[in-house]
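Chain lettering (A, B, C, D and E) follows the sequence in which the chains are written, and residue indices restart at 1 in each chain.
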Amino acid sequence: MTGYVGGLVFGLSGGMVIALAALFGVWWERKVAGRIQMRLGPTEIGPAGVFQALADTIKLLLKEDITPRQADKKLFRVAPFLVFTPIAMSLVVIPFANGWAPLDTSVGMLFYLAVPAVSVIGILIAGFSSGNTYATLGGIRGAAQMISYELPRTLSVLAIAILAGTLAPVEVMARYEWWWFPVSLLGFIVFFISSVAELNRAPFNIPEADSELVAGYFADYSGIRWAIFMMSEYGGIVATSYFGAAIFLGGSQGIGGVLGVLLIFLKAILLITVIIWVGWTFPRFRSDQLLTLAWKVLTPMALVQIVIVGVIIPWL
Amino acid sequence: MNASSIDRITSDAGEVDAVTLKITERTKKIATDGTPVDELVVNVGPSHPSTHGVCRVITHVDGEIVTKAEPVIGYLHRGVEKIAENRTYLQVVPLTDRLDYVGSMYTNWAYSRSVERLAGIRVPERAEYLRVITCEMQRMASHMMSLGSTSGDSGATTAFIYSFDIRERVIEFFEDLCGSRLTYNYVRPGGVSMEVPDGWFDDILAWLPIARQSLSELDRLFFGNHIARGRLKGIGVLSAEDAVSWGASGPVARGSGVNWDLRKHDTYSVYPRFDFDVPIGSNGDAYDRARCRLFEVYESMRIIEQAIEQIEPGPIKADGIPRLIAPRPGDAYDHIESARGSLGVYLVSDGSPRPYRMKVRSPAFCNLALLPMLAEGHTLSDLVIVLGSLDPVFGEVDR
Amino acid sequence: MKINELREHLCAQYPDLCPLFSIEFGDGVLLVECGQLLGAASDLRDLGFDRLGMVTAVDRGETFEMVYRLTSRSMSAGIFLKCEVPRDNPVIQSLTSLWPAANWHEREVYDMFGIEFEGHPDMRRILLPPEWEGYPLRKDYEDERIIHRPDYI
Amino acid sequence: MAVRSNDGSGAPPNGHIGALEHESDSVLLHINVSDEDRGGVGGFVDSWKSVFAGMKITAVRAMGPTKTVQYPHEKYAVSPRWRGALALKGVLGRDEIPIIRDESPVYNAVIRDLYDRERLPPCVGNCPANVDARGQNYYLAEGMTAEAYELVRERNIMPGVLGRICHHPCESACRRNYYDEPMAIRPLHRFAYEEYADVREERVKVFEQTRDQQVAVIGSGPSGLAAAFDLMALGYRVVVYEKERAPGGALFSGVPSYRLPRDVLSTEINGLVDMGLDLRVGIEIGKDVPIDHLLGEFDAVLIAGGLQTSRIIPVPGHDADGVRGALDFLKDANWKGDAGVKGKRVLVIGGGNVAVDVARCALRTGATEVRLACLEGDDEMPCHPWEIEEAVDEGVIAMCSMGPHEVLTTDGVVSGMKMRECLSVFDEMGRFAPNYGEDYAEVECETVVFATGTAPVLHDLVAGSDLVLNERGILPVDGTLFTTVMPNVFACGEVVTGPGSAIGSIATGHEAATSIHRYLSGASLSENRTDRPVPVYENYQPARLDGVEESRKRVKMPMARPEDRRKDFRQVETGFTHLEAVNEAARCLRCQSEVCVGCTFCARTCPDYAIQVQRVDDPGQRAITRYDLDLSKCSFCGLCAEQCPTNALTHTGQYELSFFHRDLMVFDHDEMLRDCGGTRATGADAHTQADAEEAS
Amino acid sequence: MALVDKLGAALDSSGGGIILTTVDSLADWARGKSLWSMPMGTACCAMELIAGSFSKFDFDRHGTFPRPDPRHVDVMIVAGTITRKMAPAVKRIYEQMAEPKWVIAMGNCAVSGGIFYYDSYSVIRGVDEILPVDVYIAGCPPRPESMQDAVFQLREKIATESIAPGKKREVEFSLPMPGAGVRGGDAE
């Protein structure tokens, strides 16, 4: 029984964290994108429009929740949660502070890489159950994309795992040394790109593809269900950035307390900003370009990274 | 990846009358030889972010590959040609503004040239220079719109905004000149409507170097980008022969290597006095078309600089144009090189102060007819690129 | 190219077309019988008029005047090809076999004037919805949805 | 071959030149835009470079300034030409309209000022003498007939005369032209004169002589009398010398009495005499009195002698018996009532108004057949079209495009005329250079009258003074100051201008009076002297009249029937009744600047038909009852504001035009008059929010 | 019926006046400040609509940004001429939008047919023939600022709405007349 209560509490607090992260992420994205585009972004609500995303969320909560007539109704309703839950779950292994993660497991990295990948099922279901050609195409594209990028992403993390000799992110942070960064740079780039692709962020947003598929797999979702999709996207960004900051950038670098929390937070913000920056700079890939990149560029790069690490390790 | 593996998604390829954002019908269709037809019909438009207005493209896709793309136009058919028969010659000018709404000056000019030919009006030289200057600035604005939407279609919203930034400045100049941002009503039969404000030319000359700089920045940001090149190159290849026989004109034809620019080859107004080049592509793909537009913007800047240098004070309107122009009976056609190609206006007069018939030869209409041919065999993502590279403006296509 | 040179060129190549040629508002006009249209167009294309710029019609009461605008890149010139189609039997040959560009133009003329084109691959309305009745650019077109402009005297 | 770089660095791209050769022979320059071999971005390293280059560009822009205008707090200053919502500056009410009235020496300045500020009604502007026709119409419509007469008399010294013979440029400029038909300004002059007869006695006002200088005026034609009137009004003593037995100059001897009854002329001149004019008839300066005498007696002398003789074209036989000049012919007809053409066939050479007058006089004096031959085609004859129309109605046969070739004579007496076809009158430069064809025609006639030009006769007049004539017998006169080589001698009228209109002569008289006044009061002649503005009012295309209600049309001037009027010299037009005149006067739009007068130009020009204007024209009720702008249809094209003749309708800079209901978008009369002064967006109240953010 | 409508109806019927008012004001605040737009741009006005969300005018400052998907948006901005052929599509897209939804008719073509009102056989004379329009903007085309002004006006209208079906909030409110001055929005 306590397990259930604990799970519930944990789930709710995880949801709150994701919601907050999403609110912040949305606002930050709109401000950064605004500056890139020589405009201001939201200014009206709160200082520098910081509560704009809050108003958006409240509005979305109060909006009509449409289930299209042609949709497969049960699947349609459940799909957002199938996307959201794995992303939320992945947060548990993120080391938010030095030496602390909500779930400090020895296979944290594996957990992080494996669990969010499940959300591809949700995307596929969302696209497929909408009964809409755009959504269907978006779902198919999303599935293809996420499966392709799973491999380079996993391989890229492997380098750090080899260097650190552990799969627990908390441990990696503790053992991090500065020269890991140049050694694992190639892996970091692969990780970064394939994570952006996993998150369906621009320039890999071909499942959503505003200009082609209107909104892709969530084209038919409205109100709160769509908000959940957006929340999982921004939750994913936060998770990825934290994870990347912890693994490749050393996280809190062994500094405890508030300073450590702040350090990893700043690194994560940096990564979020870069994700947004990249997203608003480049055109979108076409699906064949996307797969070419995954298989012909990123996978070999990740393998080279493993070789590099494998060569270096005996010299340590 | 391939939708053909999912036999549930088959669709009726026939007439889809309900114009919708999405197709909801999914019926399994059996071809005549008994095999299931694994085609998905994606209905793009008439309201779609990448159709540049209201165009509907009924797209048959096999997986991601477009097997047939059929444009359905007429969603903005406003009957301008019929309305013009009920307006006086002067009253038609505001109507022409609203045809090519990305480049109102062109339709103004083409129409005015036809009226002038019909009524035998000689335009003063200063007015011709002002027409050239405004129309070349309009070409900049129009091409910036086209380049921007090409990048927007391929997902680079920021490049869109940078190009729109240049366009916005041009529009500010037009606002200072004639008091409107889009529908200028500036070029009139017999001349232009207003003298330029003080310091207008100086402001333009001061701005052009800045524009060159931001244009080259845009060039590096978008056309220099690896992804963008991949998106544009080899997409929608149009051969020179097809371009001619399909009546393509403007950057669409020039991108295919057809060296045909009315400003040079069937020259009009004061264009022979300027030194400028015609950018020509060689591959005929979306990339070459877009590059032609980019280079034409540079050429337009050169023309503007030369024109401002050469322009002299004088009248801006021909003398003795009556309030109601009533040309003698007959018909006349005149054309100019608009941003989209050769834009002509055919006017028939019966001697009354209202045109008996007005027909606008719209370059975008002819260019858009190429879409089924160009889009076939490419992916759905490329469809919007091809459509964007044809640069249709539906006010002009549908009239 | 000057219009007179064009006339000489035309007369030298195709003497039978020569008497049909006239000059109006500085443009060459070739007025042919509807039966000759395809032949004349084909001759003109061989002469160098390689682009079909525009196809349209004018309602002249008893007849429809078909107007084809051909342009030549090599000569930098344009020419009108005109013929009269009877109003009671508005059928004319299609030029799609010579220029694929004629496809949409002829569909538009069909849409607006109800002139049918023989040999056109896809004779449907193009601008108006398929269920539309009447041909709006005919002078006698009436539609109760039109509000006519007030007539200021 | 100029190839420019696409990256702005000035270095040429490695593009191929002329990828696809053009068929034409001409070598045309073009740039190849394909850059396959530009240094492969296809390569692995290059593609990464391109990625980082792009990121650098966006990063630099992100660090740079924003371009946003924060709308409600700071407003982008729209162009002063911005075409926002329309507004009216004023609407014509029933208030008194501004009467253009000032004493002569400053009158031009008044007109000039009004003209510069675009406040001059077109009728006033187009009149050479700037007669305030608008004021006349206003007074007449309001029932103040005497005031109307006196207002007109100030500039047009003989309203009764000019009300009959003027060629009325005012009417061709009238804005009613576009609406239906122009105002009948000239008949209303005449009406005012006729009504004034009742009150003439009691309203007569003698000009007091307030200055001791004296001015002599030679000639009592319209220009001389106009100058005399002005000078009297200024307080000078004026003596007018006339060589004929009756005053009036060309008005008497040159204008047939069917157009101008002699009693009208005498009444008007007597009116001037009553006001203090010293008129001495039968004295010919130069013969009876030498000009030196005048120069000694008077402080200034004004020569307003007019044109005395006709030119006869020296074709073979021009000296035969039966060849006459137009002026002699008219003089005979007017003085004697018989021109000696009874029972004869008459050929009139010339296409001007004088020629038509001669032809119509010849009919009335008993000619059996009258032909009028002129060089010009029938649509370009120099006479006024209504003149030739009336003449043709009466039976004159017009022969256009015919030039005189030879006078055929039998024993020294005219027996006919050989005419030659004329192809064109003017050459390409617009000079008179008739181009004759090869066709000849012979016309049988007994009398040939040349109405081909007139000339002054001044030799006797100037004899003994310092004045010299040029070789053509013309006195050199400054065209704007009307001065001669002698400082105290001035000239005006047709002596200066050559053949012209009566109202044009009157205008020169006013100008000459101004010069004389300045001279006599010791002021500079040219200082602060404004040129006479010549407003170019386009001739409005006449409106179609088929649907116009009868009440809106111009009141038709009743006319005698053609078959009756050719018989005698009674006047052709018979004049307005009181009711007709008041109705006609009320039709006047009362054009004023920056005040909507309801001319409906805007409604006619509007391509959207968004403007509805209604107006009441009834006497005493003249007002605009409706001015509706349907803002939901307006296309903001600016044509209406451009066309507005009074500049009352303008675009404001207002662009915040959101409404909750479509009915609110119809702006009525009051809404159109709203004050829009403050709504144009200006940058004045801008906050520097963007800058503040920049700093942060 | 959306959940929120049920909530509103329940609160209204159970007399939860104060709670309803509070929820209403929250809802109206959120809805007014977050008006995502469906850019139904068909003609010239679409250009100004595009310009409006770009650097110089930046609708995003007011929380208004365009999304092409009707399911995600709150206000449809009809910018441009609507023809008889286009009308069913516009109507359909409007129906695809989730409640609550509003319509702004931008430009005179969408308001009344504008320059195409007379003599055109194919133009719908005002989008209010097929959709309930909340705010009309005059202009041909209106400036992007007019568009922002319309959004402020729409906020005032939204402020009168209640989440309880068929109920209006009582707020101090009058129909604004054109040019009434600065409305809406706080600056950064």
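Keep in mind that, in the parts below, a residue touches a chain if its C-beta (ideal position, glycine included) is under 8 Å from a C-beta of that chain, and two chains touch if they have at least 3 such contacts.
Being a predicted model, the structure only gives us computed values, none of them experimental.
Following the contact convention of this document, A, C, D is the list of chains adjacent to both subunit B and subunit E. Identification of common neighbours of subunit A and subunit D yields B, E. Chain centres were defined as the mean of their Cα atoms; on that basis the chain farthest from subunit B turns out to be D. The chain pair A-B and the chain pair C-E differ in C-beta contact count, and the higher one is A-B.
Set against the C-alpha centre of subunit C, every other chain centre is closer than that of A. If you average the Cα atoms of subunit C and of subunit D, the two centres end up 48 Å apart. Distance from the subunit B centre to the subunit C centre is 23 Å, each centre being the mean of its Cα atoms.
Chain centres here are Cα means. That of subunit A falls 34 Å from that of subunit E.
Residue numbers of subunit B whose C-beta contacts span two or more other chains: 21, 48-49, 74, 77, 79, 82, 86-87, 94-95, 97-98, 158, 161-162, 165, 183, 221, 225, 258, 265. Contacts with at least two other chains are made by residues 22, 24, 51, 54, 57-58, 61, 66-68, 70, 78, 607, 609, 635-637, 689, 693 of subunit D.
Shown for subunit E are the residues that touch two or more other chains, namely 54-56, 58, 61, 68, 85, 96, 115, 117-122, 140, 143, 185, 187-188. Residues 33, 36-39, 68-70, 131-134, 136-137, 140-141, 144, 202-203, 205-206, 209-214, 219-220, 280-289 of subunit A are the ones touching subunit B in the complex. Taken in their complex, subunit D has these residues touching subunit A: 44, 51, 54-55, 57-59, 61-68, 70, 689-690, 693.
Of all residues in subunit E, those touching subunit B in their complex are 40-44, 46-48, 50-51, 54-56, 68, 70, 80-81, 83, 85-86, 88-90, 92-93, 96, 115-116, 118-123, 140-141, 143.
Those residues of subunit B that touch subunit D in the shared complex are 87, 90-95, 97-98, 158, 162, 165, 175-180, 183, 185, 193-194, 197, 212-213, 215-217, 219-221, 223-226, 229, 240, 255, 257-259, 264-265, 275, 277-283, 287-288, 291-292, 294-295, 298, 322-324.
Residues 128-129, 136, 141, 143, 145-150 of subunit C are the ones touching subunit E in the complex.
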